[in-house]
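Right after this note come the structures.
You will see two complexes here that share chain A, one where it goes with chain B and one where it goes with chain C.
== the complex of A and B ==
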């Protein structure tokens, strides 16, 4: 009798959780169908082609890994090693390199405003939206063949599991267990392909609650803040390594960004 | 200058003669509300035209989100129909976009 009562009690709870999950999925699908991320892509394309800086040049000759001017699919093969800078770079750090090399702008100027707000988005956010949009449908294939890529991947993995800060947190504290979520957001297990693919292929993303497109560098930066870590430098070695680790773990999945988040 | 707009118009309902045309349009706009400490700035009128004929005349309020997305379903329609969507805000700024039904 007692067992039956428990069973009766448990069933509606279970059904409720399933319903909630379905409703969340429906909501996310509706968000994705009309995403303002597309507006960021349009602005980004215009900025990509706009001549500016002391050299009055556009970014159209920027080498994102496939050669100068090759944008299609480039994001799916980032981060990667670049010979000219002799380091592994993600999209954001590579864009900064191109702004300096092609447009002649100094780093202080290009890094002055990397995270925008809803009233005034940053140039970086627009450019990132454009470049990642050009990789839609391309399979994730961030390389790990060069020794520096290997080292970057290993460093990223170490960062992912490294516990530190006031709360003794690591990335894995939130992203290391199946079927966890915070409010409406699923917390994918980012150290496993399924979870990494789901997350990585939908970032960068337009955040409805911020009315703004957020970059991967912002995502990592904000995770550091949530873990109560010291704020990382934009496009620093550790943030690129962490991005690299996630990108490599997401290997094989078709890129589907820029995404839309709550 | 007003930011970009993006629109997609597709036929639906199957068969040779489409039963309806789905229009989806994205707009860049701050849609500032009375709650923010900034000057009011929001879209007031949205107009949808099909081959030059006004099909929808909408009056919207501050309750609509920043960078809004609208979808409309128009009766009938054919491939190549010209769909035009325009907006007018409380400051008199305006923007429009035109596309042919795919």
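== the complex of A and C ==
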């Protein structure tokens, strides 16, 4: 950062802007190589296989959509409708279902620490890292065939364009137009395939500014915080529907996460 | 416009998968909760937010005119001069703090101006969601009418463009009267770096 500031002093402004952009690109490229996300994946795999809870069971029989225990590629076909819960679920909400059903844990305990920090990581973030890592290379294919999936997709689209809060924003306020940015941060257009694919296939991600692997539920939560909205309930119908809308819009692109972000 | 709305009402129950505007609001009010300084009720829509959402930010000319007139009434123009201190204005334009559930109610808020606008030439970290305001005062002058326009636009941008993406910074209680005056000076004062 100090180097960046010196560069800016030394060059005319246009050159400063070009250099800053190049420096940021270089930084992002460096971030992409040798991601700490792998450590989260390994820790997550251990937690997946660890017997826990009143039933002293692991999550290895968890049904993520392809049948009990099928983890490979499962994330690329989420969110989707689940018959046993009669609802559309994203990865995080499905993991909570499995913790309750298979391990016998109660919801209050499983939702106590959904977002971790560098000092106290979160079980949810480890598990998510493991499951999404098993979908690397699989093409995004969140289904919209069941009536509840269609309803969820339609609701998600409405949620995306819903303007409210103290600053009148919707998701589209920042993610609705090409080639826009906040400060130096480029903003993908998430209502169109190209932008949605680029963003969705690299989340969840290890976020350097948090020193943590962050989930899609966290990503949405922090967007709403910055939009000056009240806080969305974790894995609520709104956030699952929004995730579903984004996943369907991103369909066809190979999943390339967990990524690394600034 | 009215005809379109009418057809919308008639066909809405038939399109099973698509929830109505009211249903979408109810779902938000159910799924969002108060946290920190942000109240859950902020997830509900006022007239501007509702109409801009259902019309994709393109209400008809008549409706836009009515909304803008209503929003204009919310602006409390202070008596006396509107030009504050551009130096304080710069800090406010730079700061992106305030109004989120992790912000405090007592620390001064920023205007987040640079998140969306280019302003002073020396600041290269600016957003592009809004138009560039570089040299704004140089182009527009700093007369009483311009001061009033800038004050009003920052206080309630929807009074000038019903579905503007710019927050209503005065109306929402994000910025104080003095802070908005300081921003007016930051944009219009010939000595401000915005006009250098």
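Here is the rule we go by: the second predicted complex is superposed on the first by the 237 of 262 C-alpha atoms of A that agree within 3 Å, B and C clash if a C-alpha of one lies under 4 Å from a C-alpha of the other, contacts with A are read in each partner's own complex, and residues count from 1 in each chain.
In this section, a residue touches a chain if its C-beta (ideal position, glycine included) is under 8 Å from a C-beta of that chain, and two chains touch if they have at least 3 such contacts.
The structure displayed is predicted, hence computed values, not measured ones.
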| item | value |
| --- | --- |
| Joint occupancy of chain A by chain B and chain C, clash or fit | fit |
| Partner contacting more residues of chain A (chain B vs chain C) | C |
| Partner chain(s) touched by A:233 [first = chain B, second = chain C, both, neither] | second |
| Touched partner set for A:76, first chain B, second chain C, both or neither | neither |
| Touching partner for A:246 - first (chain B), second (chain C), both, neither | neither |
| Touching partner for A:39 - first (chain B), second (chain C), both, neither | first |
| Touching partner for A:119 - first (chain B), second (chain C), both, neither | first |
| A:154 touches, of chain B and chain C: first, second, both or neither? | second |
| Contacts of A:127 with chain B and chain C, given as first, second, both or neither | neither |
| Touching partner for A:211 - first (chain B), second (chain C), both, neither | first |
| Least Cα gap, in Å, left between chain B and chain C after the two complexes are fitted on chain A | 21 |
| Chain A residues contacted in one complex by chain B, in the other by chain C | none |
| For the chain A and chain B complex, residues of the former touching the latter | 33-36, 38-39, 42-43, 46, 118-119, 208, 211 |
| Of chain C, residues touching chain A in the complex | 16-19, 24-25, 27-28, 30-35, 38-40, 42-45, 48-49, 52-53, 56, 99-102, 114-116, 121-122, 124-129, 158, 165, 167-168, 172-174 |
| Parts of chain A lying in touch with chain C, wherever the complex brings them together | 8, 13, 16-17, 20, 147, 150-151, 153-155, 158-159, 161-170, 173-174, 177, 179-185, 187, 224-226, 228-233, 236-239 |
| Touch list for chain B against partner chain A, complex | 3-6, 24, 26-28, 30, 38, 65-67, 69, 71 |
